[in-house]
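Note that the chains take the letters A, B, C, D and E in the order they are written out, and that residue 1 is the start of every chain.
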Amino acid sequence: MGTTFGLGELGFLIQGLKWTVLLAAIAFVGGGIGGLGVALARVSTSKPLRRITGGYIALFQGTPLLMQLFVIYYGLGLMGLMLPAWVAVAIAFTLHASAFLGEIWRGAIEALPKGQFEAARALGLHYVPRMRDVILPQALRIALPATIGFLVQLIKGTSLAAIVGFIELARAGQIVSNQTYAPLLVFTVVGALYFALCWPLSLYGSRIEGRIARATAR
Amino acid sequence: MGYTLDFSVVIDALPSLLWGCLATIGLAQSGMSLALVIGVAGVVARGSNQRWLRGLVIGFVELIRNTPFLVQIFFLFFALPHIGLTLNPTVTAILALGLNGGAYAIEIIRGGVQSIDKGQIEAGLALGLHKGQVFRMIVLKPALRAIYPSLTGQFIMLTLTSSICSAIAAYELTSVAQRIESDTFRSFEVYFTITGLYLAISWLMMTGFSVFSRRYFNYPTR
Amino acid sequence: MPSTATHTVDAPHAADAPLIVMEDVNKWYGAYHALRDVNLSVRRGEKIVLCGPSGSGKSTLIRCINHLETIKSGRITVDGVRLDDSTRSVDAVRSEVGMVFQNFNLFPHMTVLQNCTLAPMRVRGVTVAAAEATAKRFLERVRIAEHAHKYPAQLSGGQQQRVAIARALCMEPKVMLFDEPTSALDPEMVKEVLDTMVSLARDGMTMVCVTHEMGFARQVADRVIFMADGQILEQADPESFFRHPTHPRARSFLGEILAHH
Amino acid sequence: RNAVAQSLADIKSKGKLVVGIQGDNAPWGFVNTQGVQEGFDADIAKLFGKQLGLPVEFVPTAVANRIPALVTGRVDILFATMGMYPDRAKSIQFSKPYAANDIILVAAKGTAITTPADMKNFAIGVARSSAQDTAVTKVAPEGTTIRRFDDDAATIQALLSGQVQAVGANQFYPQRLNKSQPGAYERKLDFVRQYNGAGTRLGQKEWNETVNAFIDTIKANGELAKVYQTWMGFQPPEFPTSLEGIPFTVS
Amino acid sequence: MPSTATHTVDAPHAADAPLIVMEDVNKWYGAYHALRDVNLSVRRGEKIVLCGPSGSGKSTLIRCINHLETIKSGRITVDGVRLDDSTRSVDAVRSEVGMVFQNFNLFPHMTVLQNCTLAPMRVRGVTVAAAEATAKRFLERVRIAEHAHKYPAQLSGGQQQRVAIARALCMEPKVMLFDEPTSALDPEMVKEVLDTMVSLARDGMTMVCVTHEMGFARQVADRVIFMADGQILEQADPESFFRHPTHPRARSFLGEILAHH
């Protein structure tokens, strides 16, 4: 028992990092699809649909991700739905991300000039091509910086998957620190790995934000 | 067989859960106040003409925004003692929340300050006010008003983030819940309940924020 | 040309049947009565200029024609199709009616060409090649074909508005609606857009234009319609309208806008 | 109510044995840096799998989540350093004990703790929901500062960085603490000898009997002693035949 | 009154010494030379109107006077104080110079009264009561005292601009600078602001105004200064300036702006 922090341990952390990336990717893709649905529901003409998705967003934005993970992970089990841990965690993250991305994109859709919707309708475009070809491409562009910002949050948020025993980066860090008795070193490395993952995204996000700001300032 | 939900243990533990809520609100409030101070100070420092100071602020913001809160709070709790600074869990939690919220607040408030018409600043200078006075008396309030929704949104997130402080044994709602859970083994009931309590807390805070906003930002705009 | 108030309807496709018929149309925005018992009929090939003070309901009127607004009571028929809120009737009408807005409303993320081919492809289902051929023809028509691969933001206001006209034409509509197409333009660009509209009018397109360009009205309108408070107060050929407007509101309105020019 | 494997036959037909185990509690159960589950509990579970003729799948579970993982059917059985308590026995079915664990208090040599009452003067760290938590909470005088961390690693780290002055520990803590600061820490108090049992869901009579039979077998044939020697370096103690309020079998 | 180009300086507080003196002032924005060797001196009580085409440097000139812009070379002296980038000189000058901007720049989160009392209290350190008394006097002066407790957003543009004038006056400055104070106003509000300025001028306030209101220039200016390309090209009393401008650029400029009126 008890090793020092070496290449093997670093490898183990990187193994955890892979899971972190995978989890974030699943959550982002799932949340992207779900969020699109939520955003469209929020701007739809159906009042019940708006209400329901509004409540859904309030629930997921008003409770800690930690609780969402726990309740979904064990709540599904309680309902007799037996799923592998990573599936349950992916569902939890997807639901979480859908709420946040849905809200971000709703804001972007509503920020578009009304004239864009009207011009599309006046051309006879139906709902699907109107949204797919005219509205969403513009809205997603406006929402890109906020979306990337949320992706960074999501990557960091995957560290909470540790509480349900998922061995991603943060959990791997705990395990290694437990075996090497060098938690400071280990957590510095863990922090650095998160930083290396998130920082380029953050930079990219603020670059786009600057570009959009300049374009709209014209 | 199977599992039957039984909320009686939760009802028995209600008083301690409510204390936990208060503790969470207290942590969040202190964290937010600190975050606001850091935010405003950071914006001032970010706009200074000292390169190193600007660099320091930018570095701080990027460091915080790109690492998980869990790592940050571990670092404060376990690393600071090695340089002779041993803070108890509650103080550590407030510090961690303040630093984390502060980094986001810097970026948000900076956006607000940039949205203020340059003419406002010039008008203040032309009246003979100094740069600091112009910032405090003329720029700050309209800037805060402009970004109030995103700032309060961030503060709600901070409140929810405080649940992670249980990792360093700070006293707050989640740690109370985990305590009850380990006493009763009634995990589902406990977690369902505190999820509801968190929802109530964030709703309460949102209400508080909007009341404050109506009071403080009571001047009309066009 | 004197104004005729033909009210026979539902005889589709007869060449001399009116293209647009509005009968007793009433429109409310909440508690505000925006159109009051509007009756209007537009013949094939007719050019109509709508004018009137701000808030009189001009935009509302033309937006009702292609169902961008729903009406409370009355009937609107376009080329024999009764607009009745059903998707079928709305689709049928919109594909016959082109519209040009004050703010152009080009899609900024698409090139000029893509702006023009989108609707024909998605609504009419024509092929890319066919849509592009049509688009090029109409871009040529508004003398802007050389900018086909630019994005709207790279064009001047006048050029953008001509693209918007071409985009509407690509659906080969039977009637074109214009809502103050030149009022968002810098003075030097107004003329290029008006010239395009004049040449469209010459080709026999049926047109309903909201505009305060009285020179344009004099040159091409068959009929000038004056609105105030959601009502049509006067309609006449431009000559008589400008020479001796009968309604006092029309007189004061004309006094105002002509003083500016 | 839930579609959970209920009997031995169900598990056999599933083709594998899913075991809930600790992932970071060396030497009981931990995932090594190659990502492979190891430890005392892992070896016992493997023996069980061998006896059943089934491959073993490990699900590492955090201390606080062991019971939920079992109850919701995520695992078939817990070999997860489960201390046998009457309270827990209300939620899960314990088997006969297969391991013993001494729950103790550990602090730096100079710390003035000789009786449980002395704990009042210090901040005491424990891993939340662990046997140590239970023991310290029971013994410590009213008003003692008890800080509950997520796991052993954080608890040990809290002691090392001076955030707490003593920790509720199991028999392995001193060895681990002294690895990082040799000779600095010592056993201060002995609380209890606690027994660990395997956990199954309540009411699974046949399954519980299978587990008990397995434990009897390894106690008798020396396999248990071998595992003990490997991970703890000493021989297994005498195990009690009954514990107050904790039935080993389904009644 | 003929223009005098007095260049004697640094004789502070002599009643006949010029209040503002600019000598060989040069200002650059990056590579752009915005003010070229500007020389200007303003006597106590003098009213100066600055005009010239857009981009000629009028705003830049008056912004240099109270150090909202720093200059590259040359000297600016206000009431005997040489502006030298030191906080002391900047403070001294700013408290003697009032400025009114095109966009009013009232502080939206303060009432009219608070807008007017802020600087006297914070800069001059007067008491609330004294500051409010002064503020009320000047609000009375610009005939807006009844709105003292309203917020800027509740006032019309003309009212806002009068508040901005009162705010500047509350510091009891020796000179007032105006940068196109009426050009952001709706036509009906221009007059109320101009009237206020005329009455200020009557009271003997030293004024430098950038404005294209030629009626105002005729009525109150002692001297009209014409700028182009960062240079002062012509200065004369309004009568001669409007009757026979000597510089060709001034002539064409006048032709342009008078055609509009």
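Note that a residue touches a chain if its C-beta (ideal position, glycine included) is under 8 Å from a C-beta of that chain, and two chains touch if they have at least 3 such contacts.
To keep track of the chains, here are their UniProt names: A, B = Amino acid ABC transporter permease; C, E = Amino acid ABC transporter ATP-binding protein.
Given the structure is predicted, the values throughout are model-derived calculations rather than measurements.
Colleague: Counting one step per pair of touching chains, how few steps separate subunit B from subunit D?
Modeller: Counted as steps through touching chains, the separation is 1.
Colleague: List every chain that touches both subunit D and subunit E.
Modeller: Shared contacts of subunit D and subunit E: B.
Colleague: Using only Cα atoms to place each chain's centre, name the chain farthest from subunit B.
Modeller: C
Colleague: Once you count every C-beta pair in contact for both, which comes out on top, A-D or B-E?
Modeller: When the contacts at A-D and B-E are counted, A-D has more.
Colleague: Would you mind pulling out the distance in Å between where the CA atoms of subunit B average out and where those of subunit C do?
Modeller: For subunit B versus subunit C, the centre distance works out to 54 Å.
Colleague: With chain centres defined as C-alpha means, what is the inter-centre distance between subunit C and subunit E in Å?
Modeller: 49
Colleague: I'd like the Å distance between the centres of subunit A and subunit C, where a centre is the mean of that chain's Cα atoms.
Modeller: 46
Colleague: Indicate the residues of subunit B shared as contacts by at least two other chains.
Modeller: Counting only residues that touch two or more other chains, subunit B contributes 3, 78-79, 82, 187-188.
Colleague: For subunit A, jot down the residues that touch at least 2 other chains.
Modeller: Residues 74, 78, 162, 183 of subunit A touch two or more partner chains.
Colleague: Could you say which residues in subunit D touch two or more other chains, in rising order?
Modeller: Those would be 1-2, 65, 68, 71-72, 150, 154, 157.
Colleague: Can you name every pair of chains that touch?
Modeller: A-B, A-C, A-D, B-D, B-E
Colleague: Going by the contact rule set out above, which residues of subunit D touch subunit B in the complex?
Modeller: 1-2, 6, 64-65, 67-68, 71-72, 87-88, 90-91, 125, 128-129, 133-134, 147-150, 154, 157-158, 161-163, 201-204
Colleague: Using the touch definition from the top, list the residues of subunit B that touch subunit E in their complex.
Modeller: Per the touch definition, subunit B meets subunit E at residues 117, 119-120, 122-130, 133, 137-138, 141-142, 145, 217, 219-222.
Colleague: Taking the touch rule as given, give the residues of subunit E at its contact with subunit B in the complex, in rising order.
Modeller: 66, 68, 91, 94-95, 97-99, 101, 103, 105-110, 118-119, 122-123, 151, 153-154, 164, 167-168, 171
Colleague: Under the definition above, what is the set of subunit A residues touching subunit B in their complex?
Modeller: For subunit A paired with subunit B, touching residues are 58-59, 61-68, 70-71, 74-75, 78, 152, 156-157, 159-160, 162, 170, 173, 183-184, 187-188, 190-191, 194-195, 197-199, 202.
Colleague: State the interface residues of subunit B toward subunit D in the complex, per the touch definition above.
Modeller: Residue list for subunit B touching subunit D: 1-3, 77-79, 81-82, 86, 88-89, 166-169, 175, 178-179, 181-185, 187-188.
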